[in-house]
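Got a structure for you, written out below as structure tokens; questions coming shortly.
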Amino acid sequence: MNRSKPLHFLESSSISDSHVWLWGIPYDGTTSFKPGTRFGPNAIRTASDGIESYSPYLGRDLKDISFYDCGDLEVSFSSVEKVLDEIYAFAARLFNEKRRSSAIGGEHTITFPIVRAALEHYPDLHVVHIDAHCDMREEYAGERYSHASVMRRVLEVIEPDRFFGFGMRSGTEEGFRFMKKLPHYYPFSLDKMDELGDNIDSGTPLYITIDLDVLDPAFFPGTGAPEPCGISVKDLHRALLTLEGLNIVGFDVVELSPPYDSAGISSSAASFIVREMLLIMGNL
Amino acid sequence: MNRSKPLHFLESSSISDSHVWLWGIPYDGTTSFKPGTRFGPNAIRTASDGIESYSPYLGRDLKDISFYDCGDLEVSFSSVEKVLDEIYAFAARLFNEKRRSSAIGGEHTITFPIVRAALEHYPDLHVVHIDAHCDMREEYAGERYSHASVMRRVLEVIEPDRFFGFGMRSGTEEGFRFMKKLPHYYPFSLDKMDELGDNIDSGTPLYITIDLDVLDPAFFPGTGAPEPCGISVKDLHRALLTLEGLNIVGFDVVELSPPYDSAGISSSAASFIVREMLLIMGNL
Amino acid sequence: MNRSKPLHFLESSSISDSHVWLWGIPYDGTTSFKPGTRFGPNAIRTASDGIESYSPYLGRDLKDISFYDCGDLEVSFSSVEKVLDEIYAFAARLFNEKRRSSAIGGEHTITFPIVRAALEHYPDLHVVHIDAHCDMREEYAGERYSHASVMRRVLEVIEPDRFFGFGMRSGTEEGFRFMKKLPHYYPFSLDKMDELGDNIDSGTPLYITIDLDVLDPAFFPGTGAPEPCGISVKDLHRALLTLEGLNIVGFDVVELSPPYDSAGISSSAASFIVREMLLIMGNL
Amino acid sequence: MNRSKPLHFLESSSISDSHVWLWGIPYDGTTSFKPGTRFGPNAIRTASDGIESYSPYLGRDLKDISFYDCGDLEVSFSSVEKVLDEIYAFAARLFNEKRRSSAIGGEHTITFPIVRAALEHYPDLHVVHIDAHCDMREEYAGERYSHASVMRRVLEVIEPDRFFGFGMRSGTEEGFRFMKKLPHYYPFSLDKMDELGDNIDSGTPLYITIDLDVLDPAFFPGTGAPEPCGISVKDLHRALLTLEGLNIVGFDVVELSPPYDSAGISSSAASFIVREMLLIMGNL
Amino acid sequence: MNRSKPLHFLESSSISDSHVWLWGIPYDGTTSFKPGTRFGPNAIRTASDGIESYSPYLGRDLKDISFYDCGDLEVSFSSVEKVLDEIYAFAARLFNEKRRSSAIGGEHTITFPIVRAALEHYPDLHVVHIDAHCDMREEYAGERYSHASVMRRVLEVIEPDRFFGFGMRSGTEEGFRFMKKLPHYYPFSLDKMDELGDNIDSGTPLYITIDLDVLDPAFFPGTGAPEPCGISVKDLHRALLTLEGLNIVGFDVVELSPPYDSAGISSSAASFIVREMLLIMGNL
Amino acid sequence: MNRSKPLHFLESSSISDSHVWLWGIPYDGTTSFKPGTRFGPNAIRTASDGIESYSPYLGRDLKDISFYDCGDLEVSFSSVEKVLDEIYAFAARLFNEKRRSSAIGGEHTITFPIVRAALEHYPDLHVVHIDAHCDMREEYAGERYSHASVMRRVLEVIEPDRFFGFGMRSGTEEGFRFMKKLPHYYPFSLDKMDELGDNIDSGTPLYITIDLDVLDPAFFPGTGAPEPCGISVKDLHRALLTLEGLNIVGFDVVELSPPYDSAGISSSAASFIVREMLLIMGNL
């Protein structure tokens, strides 16, 4: 960990024995179009200066949550595999210490090693995937581990009926064909998020991965693969509120790319989503 | 007044004995996050070059309204108190001359002295507050007068039942607790703006203060404290149309910060809102 | 034609005897506020690198369409009239060779010569005009041919009952008065696009001109005359889907101005709309 | 003239019977690469807010000079010829009223009609041309009047031995061949500006045209055709100081394109050069 | 102190009993043209990620210096006087603890209280002022303490013959007249910095204040009052090397304004200057 | 090769049997600070639209050179090693076909495989390295092949006395210690480039690698690791002119990162350097 600057709105509660640990993963080595997500964690922390710690939607304040921002993971720049191992090692440590994980990316590839680590601790883990893209390629540019194939990897370790995909609006024909065969596949919007509660009970361990490019580029220009016809931050927020009361053991927020966010509105949105997710997850 | 460049779409009607005077207040001395609103008045005037003087929504043209753009107030950079006095003095002169005031900011702090001046002329003044933030701190950074406490100051001179707050979605826990005790408090959206007509009659003198950060950062990136989950310009416009026929004696449009508006869409939106408000207020 | 770089997602099908030809027209000589649309064709091609060739909305892939990107027309910078002649000549050639035309601008003025050429080949041509602005001035700055008067010119060669206008929300009083007298005039939104099918039968030759500034500046900041209160890309897309099954002989997509599109979201939106229109038109 | 906002640092002396009149010419109709110089005059005025009226280099203050900022010329968007006529008419009026002309562009094409007007009043006019480009094409894109051919036009009305060219570092082979035949041709730098005094006496009427792209793009990024290997503002300033004591009857400063000047340093440089030229010319 | 993120290149040596303490002062309350310097300290720290800790110019590495980055001072937003008191208090503590001060701004006003605190500890203090502007106004906008008058205040506590001013190229006529009466006044460049060694001996306590706008806007666009005709970073660096061997008890680096530094080159330059100054000062 | 758009100024001579082939290598997989150089080749081609094909410095025109722009190499995103193999394969083909190579990056890592391929064809190859950074790390982030260690790899295949390094001003202490032991090491400037002719005869095969970050960030902001105190484009150009008459068998121009080049001046500079190098190399 090479950064110690905490998220602004969490400062008062930065206790290292907190139940929830937030960590940054500044990795974008497989990004194919516009790199830059490695600057995501830092931008989310800076933008948190402009966001209150109190959520009027939830009526709760981050000051009342026990959590700790432990900085950024130091990632190497050589092979993807080495990076995935480094992420896995830290995530495994968190779950072994009975903490919940709140990871901020970085590109989407980081999700796979965290899910793997979580699965070892919670064999009954269910995964919720929110994204504009399928990320379901068998491989991409000759590589099995990449942002474009990460969910295919996840589905190699998670049973299809424990996987819920929401919001996809871009992919190859083959990717969509693959998705359609999944039991819980809800493309184009998050309107069906409230069906989650019907399919799983409140004790089931849940991992939530939020690729912020599910948002429309108007609301979230700062990402490497902006895809038109997305949803608003309000839509995403409304959907996340349906997670209240569920047993979230970890989540990640990925694909913020600050170089494409000149006015900082994407960083603000990401920081806001992190606050709400921390309050939802931490409310146990 | 040190600028004489008029709003473009008003040029033909720039008569100094107009009923409505528009003035800029380039002040951002207490802005806590991202300063820059001092460039707001100039940006609104420049953007007006790209906005027609005719409103197809209202079916009226600014050419038919009697009003005058009298330039920017020259503000000092020393203490907040001195600036508030300078604003008060000019506003008082306007109301004494029986003109209506159309002020463009600048940060939100400027509203308090205008309201004070209006109140002296219209003892029955009612205030409509449209904003993303409560602005209800008792003090901010040890200071009573700031953009974060301006509405608390207003509520020290206006009776609570004459105050209407719409759209707030960010603030401290204490700020929201304070707001909730007000008789006319409508957070998160402007959907309840049409209840205004039920609570006041058409002759009641009204002052409208519009903090443009009530808009979502997608529609209005150019502001110092962008807050996710806001409304669209269309939503704001629709709400403002409910003011038609009411006795608006003044309004302000604040918190446009051009350095964070690279494509100029925030300036266009602000200029558009000013046009519509001028047509609504001037239609008497 | 001085550019040979094809639209990325079309590369595999770039056969010069294709039924559909896509061409760029990098002209912005009459733009009155913020020039830059001459860079539009290049930006749409570059952004197409980030857009998949498969549309999950339509369930079809561009790979299955027979079309060809023939590059940019070389336009001169002298008089408008000469440029219009050059555009007319190329469009006439396309229609004579029984191809369908897919033109990417450039400013809106380019539509008139293409319509003229199409009309000679399809005497029964109907025109659909999607735009934020009326573009109905008799002349603009002393000039008959300009982006602000282009549709007035079109209405001099097309019968009013063969002209359908959608989405206008800005113009002069006179422009709106003129529009209102047209039989098929639907301002402010595209909700009435499905009435097209009621008015024309599936064999009628249709030309579609899409001024992208019909989109709200939040979704499309990269344009020279951003007009608040527009529609989302999703709204535009939904409306375009009503064109499925109609006999589209050509379309254009105009007014993308890359210098005002720092994050590239406007170029992405334009590229996406081009993909969908190619799939809709090519599905014959 | 449609703007009345004066240059900031000239405000106190804005008397309409001044000896020197400053006017903006927001025209960029023939710009071939990156348009935007039409926003130049406005940007120079805004940047003048950050420049002192006192020059420590010259030891003089603009307050002591009799001059007037008469705003921007309203130019039409149709043919180049019409625009040139409009510029000629205003310049002719200035010279007839025995004023000196200080024109701010706009693209370089504007120089020709001013020189024509000056020549009628001062038959012995000499012209100094400072530029990165030769601007010596016989025609450009089939057009005789353009930024790329303007100096060829000037040389059709001015005798070669009354023409001095400095700093050219870009052009066609034919352009350089043409330049080399001129008696006073000094490419690549302004080091030979002090030879001016050797060639003309102090009473000779001089017109100075300064294409700011003579500056290196590091110092002046805000221009449409940035050409590497230019000079610094200090180099340009030093060269202009050699004009002290000469009989300058007019000058222009052209090719500032604000859309490519994100930090505003080009506008500052242009504003600074205008101040120094006003002080040098006005010191009579 | 509300930030704990250290300067990257100093991390290994961050011991709180270091001889040199670096602190940020994010204050820009009196900035008259383009505010934003409050973001300076954070930007310098982020840019330090891209700068090596080893200086090939000096042949020394920051790892060998004993120093500590103690974060940013928390400044209030009310009156200038209160802020100056807060800065004075912290600086006084540093000097009392026998540490050397390395302050990063923020606007130039912050220099005065540090000099005051240093003077109490070192009665023989000499001050070196490097700047584009005189900063010698008696008052500015009715206020005694501001970035435009800060050096006038310093000269009220420091004897003129202990004050050395270098590089000024902008100011009022009165400001330059005042400067010229000073015994050690060297405008326009830093070429005379080597005369410092002739005037003071190596044991004399020196305070160096570096207003980075002494740099040309090409090299340092990210500042609120860019002034053409400045020097290069290389020129500034060369001048600072003449300070080697002198007894520097503190320095500050001020007026970096990140909102005007889109490519980050100003932050890099500031970070570089801080590294070199730390190595020069720390070499005792 | 997936791009067919040629460099603008080369269009007329795009013959595939040319002696010189230009190719883009859009790779930035090991970039440690600010990625983006993968967009370099495209930006250089676009900027070439604004650069003349004639060089007044050399008195020659690109039209007279036999060369061909064969587009961009398609690189995979998995391991560095695979990418280096792909580059090597294409370079080997070029040299086998007796062509000269003109490669545009991409990050600096691409140089190593080209040098390896050249060396096989020209056993007597000498290498000229122009750079701000030593790039001499034994490994970087645990990886042998990276932009920070590329020249160390080159020195494993090239004898030290056949290696010439110019301009380095940043690196670790160990990197500089390593450089100093080289026989031909000239840090901080390119002033010693003319010594090349003294050390090698005109027939010696030379490979030139130009890391554009040798330029000062003022002249070249668009790069991932901007380092202050660099040289101007004019300085670089002057140094390159000393290569006239030498036997250059290939060169590369690397580290242009367009996302940090808002005004496009870095792309223009890179395009200019490519033109001059093509003319110098092609003059055989």
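Side notes on the structure shown:
A, B, C, D, E and F label the chains in the order they appear, each numbered from 1.
Basically, contacts are C-beta pairs under 8 Å (C-beta built on N, C-alpha and C of every residue); 3 or more make two chains touch, one makes a residue touch a chain.
Because the structure is predicted, anything quoted here is derived from the model rather than measured.
The pairing of chain B with chain C is characterised as different-residue: of all residue numbers used at this interface, under half are used by both copies. To fit its Cα atoms onto chain F, chain C must turn through 180 degrees, a value rounded to the nearest 5. Per-chain Cα centroids separate chain D from chain F by 38 Å. Across the assembly, chain F contributes residues 34, 216, 218-219, 260, 262 that each touch 2 or more other chains. Chain F meets chain D in the complex at residues 49-52, 54, 56-57, 61, 216, 218-219, 232-234, 237, 262-265, 268-269, 272-273. Residues of chain E touching chain D in their complex: 33-34, 168-173, 176, 187-188, 216-219, 221-222, 225-229, 260-262. Contact residues of chain A toward chain F in the complex are 28-32, 34-36, 38, 76-80, 82, 140-143, 146, 259-260.
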